[in-house]
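Structures given as structure tokens follow.
Two complexes come next, and they have one chain in common, chain A, joined by chain B in the first and chain C in the second.
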Partner chain A sequence: MHANTGKILRINLDDNSISVFSPDEELYKKYIGGSGLAAKLFYDMADFNCPALDPQAMLIFMNGPLAGVKFSGTSRMSAAGRSPLTNIFAESSCGGHFPPQLRYAGFDGIIITGKAAKPSLIHITRGKAEIVDAGWLWGTPISTANEKIKTKFGTQSKSLVIGPAGEHLVSFACILSNAHHAFGRCGFGAIMGSKNLKAIVIDHQNFNQSYYDSAKLHTLTNEITPRIKEHIFTQVLNDFGSAGNLEGHMYTGDVPIKNWSENFNEEMAENLTGSTISERYLTRKASCAHCVVACKRIIRIEDSPFAISEGPGPEYETVAALGCMLNSSDLAAVCKAGRVCNDLGMDSISAGATIAWAMEAFEKGHLTLHETDGIALEWGDLCTVIEKVLPAIAARKGNLGMLLSHGSKKAAEHIGNNSISYTAQSKGLEAPMHDPRGGGHGHALAYAVSPRGACHVSTAMHFMETGACNYPEIGFEFDLEALTDEKKPETMVLAASIGSIENSACFCQYADRPLSFNEMLELVNLSSGYGHTLDSFIEAGLRIFHLKRLINHRYGTVRADDALTERMLEPAREGDGAGILINFESMLNKFYSLMNFDDQKGIAKEETLRKLDLL
Partner chain B sequence: MSKYYKNTEELYQIYGYFLEKVLGDPKIGPKIAKSGIIIKFIYTDPDAEITIDLKNKPDKEGVYGSFYLGKCDIEPDVWSKQPADHSHRFWHGLENPIAGVTKGIIKQGGKVTAMLKLLPVIKSTFQQFPIILKEIGREDLIVTK
Partner chain C sequence: MRNPSISITIEGAGFLRKKIGTRTIVMPPGSRVSDIKKQFPVDTDLRVIVFVNRKKASDSHALHNGDLISIVPIFFGG
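Here is the complex of A and B:
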């Protein structure tokens, strides 16, 4: 076996048993790694009757084959399991420095079941792991926990840590790696919390990987790297971070404002865009392992009511979710809110979207002061959000904290009044900060059919629709017109496969933009020796997409769940998409037909599943 | 062979008139000038160069930037090279600049991130381009979807 180690740690926290498990080598090729391999192992090994936060629930961390390769955007990994937010199978991707260290330590992944008797952490060194007491970390914010871990295990150690929100089982609690890189979505922090698992720590390891063809891999990465450095995406990301084009997105109507009720605000665009963050608060840039893009921001804010010490700055999604969605143009406040969210350990997208929904509900009188514990939820009031709302959610304290800790869908179902109509979510997962009504109608289809719920990275539609992909080698070389349904279902078929490949090979969707599809294939083959052809690679991507849909069907999802809310489909009032209706049902019907989906069940028909070796 | 432009002079005539209008527009002009950059557009088929100076004080009253048709010595902060026909369609709002860069139709250099602030603003000029073509009697060059 090359690149992969063929070894996965299995840890049962009930009895502290630790073993090493080696999946069939053929599975690596068929499911690539990362979220694909995790989905396959979950499908084969998980107890489907097990609630998301049950001690026996399975939590998987899985590297892609490229983790550890000295190349931009490939040292990522996936978390997978049943989401406490959506109650279906979910995944979340994270970069940083943990994935290559896990690989260098000799493991491709970790499968965790059981619940520790007391707060614990998993400590991994080369070839082995141990479960140790973490009482000294429990209750600490993520940044504090990260510092304590570095003091105890060394400054070069890498960690995955949950915050108070994870400990209190907030449905959208996240996991942060080294207090910066996030497994943000779907509530994996709560799963760790439910297992009394505060952290996973890995000692620094030296590089020690073997590849299928090291010489050719080295030549290829050397050839591509200058192109990545020069690419306009890289330059924007490096100069201004992932919020670099917020202003541009705003002018198309792609940025949801005030809980998806508005689409344009010139002052907000200028104040919150990435160049403003860089000009005002950037102290330095940071990157994931081996990456030349360096899109991460390190910021400091002084002389402000929202002052923060030097540390991680917000990503685009955080800026839009805690700024635009809450109708605030106050950049310092948004950065502070992002920092608080990180420290408490909550997904900023779900947190922002859920609070935005609550603000609208409060405005409409669907939430009263009784239900908010006397807190007035006013648009743009980030002071209240920072000081009262976020801490209440993380602690699941009071009526408001408890209500919002379940996410917007469950909160809306709880208060009724058809307030579900103005949530922005699919399958219970709050939509990311790209509004299909302005950003592109294909996004709407992608949000609806994405296995984990409203998501713009589980498929490649977002980048294909915006013009950032050109893959003539697999037939994608045409331009898509954003605000129509033309060619969107056809593109979605390819997008489903490409997205599954990206999340399984664990490519960063920023750093891989300058790559051709052939180069992505070559990188995987030269490192792992899988020997995929273009056709088998695309087929593997489709297999993974279908498998995730199959898992979720076992959890009860059907076609009716491939839906968006009224708010997401009502015509936008501003931006390029103002007044235009999304032809959603027509796109969905065509996609179902192209994927050979059963019209009711929402999964592929038997012949397709057999062809893909899923039956 | 260009579909829209017979020669370089014709391109300069059209873009010269267009830029006069846009850089003199009291609504759009100041927003464009806010970018504060010098940008050079290089066209192929027909070959042409246009430099727009949004950094230095304009050379005329009542405008918010200066432009130069043909080769000039001003050092640009950023340059963009593309076929003239692609640019013609772009100014009609019919070309996606991200797709143009992705496919290598548009080449860029220099401080390309400086153009970020310009792109959203110039969208509002897309409606004006066909109007100015009409004003100078070149309705034949108006492109529709």
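Here is the complex of A and C:
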């Protein structure tokens, strides 16, 4: 086996048993690795009657074949499980430095079941693992836990850590790697918390990986790297971070403001865009392992009521979710809210979107001071969000903290008044900060059919619709007009496969944009020796997408769940998309037909499943 | 009588704000959005949309005296 180690750690926290499991080698090729392999193992091994936060619930971390390769955008890994937020299949992707270290330690992934008797952490070193007490970490915010871990295990150790929100089982609690890189979505922090698992720590490992064709891989990565470095996308991400074009997005109506009720605010655009972050607060840039893009921000804010020490700065999603969605143009406050959210260990997208929904509910009188514990939820009041609301959610404290800790969908179902109509979510997962009504109608289809719920990265539609990639090798060589449904279902079929490939090979969707599709294929083949052809690679992507839909169907999802809320589909009130209706049902029907989905069940019909070897 | 030239303001938006800045330029009468694009070429890998007075405009859109032209890069999000 090349690139992969063929070894997966299996840890049962009930009895502290640790073993090594080796999946059939053929599975690696068929499911590529990362998200795809994790989904396959989950499908084969998980108990589908097991609630998300049950001790027996399965939590999987999985590398792709490229983790460890010294090349930009390859230091990512996937997590899989059942989401406490959506109750369906959960997946999340995280960058940083942990993935290659796990690979160099000799493992492709980790499968965790059971619940430790007391707060614990998993400590991994070369070829082995141990479960040790983590009482000394329990209750600490993520930044503190990260520092303590470095003190105990060395400054070069790499960690996955949960914060107080994960310990308190907040449905959208996240996991942070080295206090900066997040398994943000779907509530993986709560899954770890439910297992009394505070952290996974890996000692520093030296490079240790063999490839199918090292010489050719080396030549290829050397050839591509300068192109990545010089590409306009890299320059923007490096100079201004992922929020580098927030202002540009706002012109097109892509940025949801004030809980998706507005689309343009000039002051907000200028204040919150990435160049402003860089000019005012950037102290240095950071990157995932081996990456020349270096899109991560390190910031410090002084002389402000929202002063923060030097540390991780916000991504685009965080700026939009805790700024634009809450109708704030105060950049320092937004950065501080992001830092607090990180430290408490919560997904900033779900946190921001849920609070935005609560602010609108409060404005409409659907939430009263009784339900908010006397806290007035006013638009733009980030002081209250930082000091009261985020801590209450993380601690699941009081009426408000408890209500919002379950996310916007469950909170809306709880208070009624048709307040679900102004949530922005699909399948219970709050939508990311790209509004299809301005950003592109294909996003709407992608949000509805993405296996984990509203998501812009599990498929490649977002990147294809914004013209960030072009793949003539596989028939995608046309520009898409954002505000129509033209060619969107057809593109979505390819997008489903490409997104699955990216998340399974664990390519970064920023760094891989300058790559041709053939180059992606070659990188995977030269490292792993899979020997995929273009056709079999695309088929593997589709297999993975269909498999995740099968998993969800086992959890009870059907076509009716491929839906967006009224707020997401009502015409935008301003901007380029004002007054334009998204032809949503038509796109969905066409996509169903192209994917050979059963009209009721929302999964592929038998012949397609057989063709993909899923039956 | 000869048509007077038109004076328009150009601004870069998003990450083009620094590169293009904000400036007022004089264009010949009958100028269109496509003429602006020729004057402010951007990276070939980048798609841009031109807004005239905050409304999206096609290449053939005719420019008028006093127009505010925003050159907006299209870029994927975070």
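Everything that follows uses one rule, which is that the second predicted complex is superposed on the first by the 615 of 615 C-alpha atoms of A that agree within 3 Å, B and C clash if a C-alpha of one lies under 4 Å from a C-alpha of the other, contacts with A are read in each partner's own complex, and residues count from 1 in each chain.
Quick note on the criterion: a residue touches a chain if its C-beta (ideal position, glycine included) is under 8 Å from a C-beta of that chain, and two chains touch if they have at least 3 such contacts.
Because the structure is predicted, anything quoted here is derived from the model rather than measured.
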item	value
Touching partner for A:F153 - first (chain B), second (chain C), both, neither	neither
Chain B versus chain C as contact partner of A:Y281, first or second or both or neither	neither
A:D254 touches, of chain B and chain C: first, second, both or neither?	second
Partner chain in contact with A:E317 - chain B first, chain C second, else both or neither	second
Partner chain in contact with A:F107 - chain B first, chain C second, else both or neither	neither
Partner chain(s) touched by A:A468 [first = chain B, second = chain C, both, neither]	both
Comparing the two partners chain B and chain C, which touches a greater set of residues in chain A	C
Touched partner set for A:D239, first chain B, second chain C, both or neither	both
Footprint overlap on chain A, where chain B in one structure and chain C in the other make contact	232, 236, 239-240, 244-245, 247-248, 251, 269, 275, 466-468, 479, 513
Touch list for chain B against partner chain A, complex	96-103, 108, 112-113, 116-117, 119-121, 123
Chain A-touching residues of chain C, taken from the complex the two chains share	13-18, 43, 45-47, 49, 51, 54-56, 70, 72-78
Chain B contact footprint on chain A (complex, rising order)	232, 235-236, 239-240, 244-245, 247-248, 250-251, 269, 275, 466-470, 477, 479, 482, 513
Complex contact set, residues of chain A against chain C	231-233, 236, 239-240, 242-249, 251-252, 254, 264, 269, 273-275, 315-317, 320, 432-434, 439, 456, 462-463, 466-468, 479, 509-510, 513-514, 576
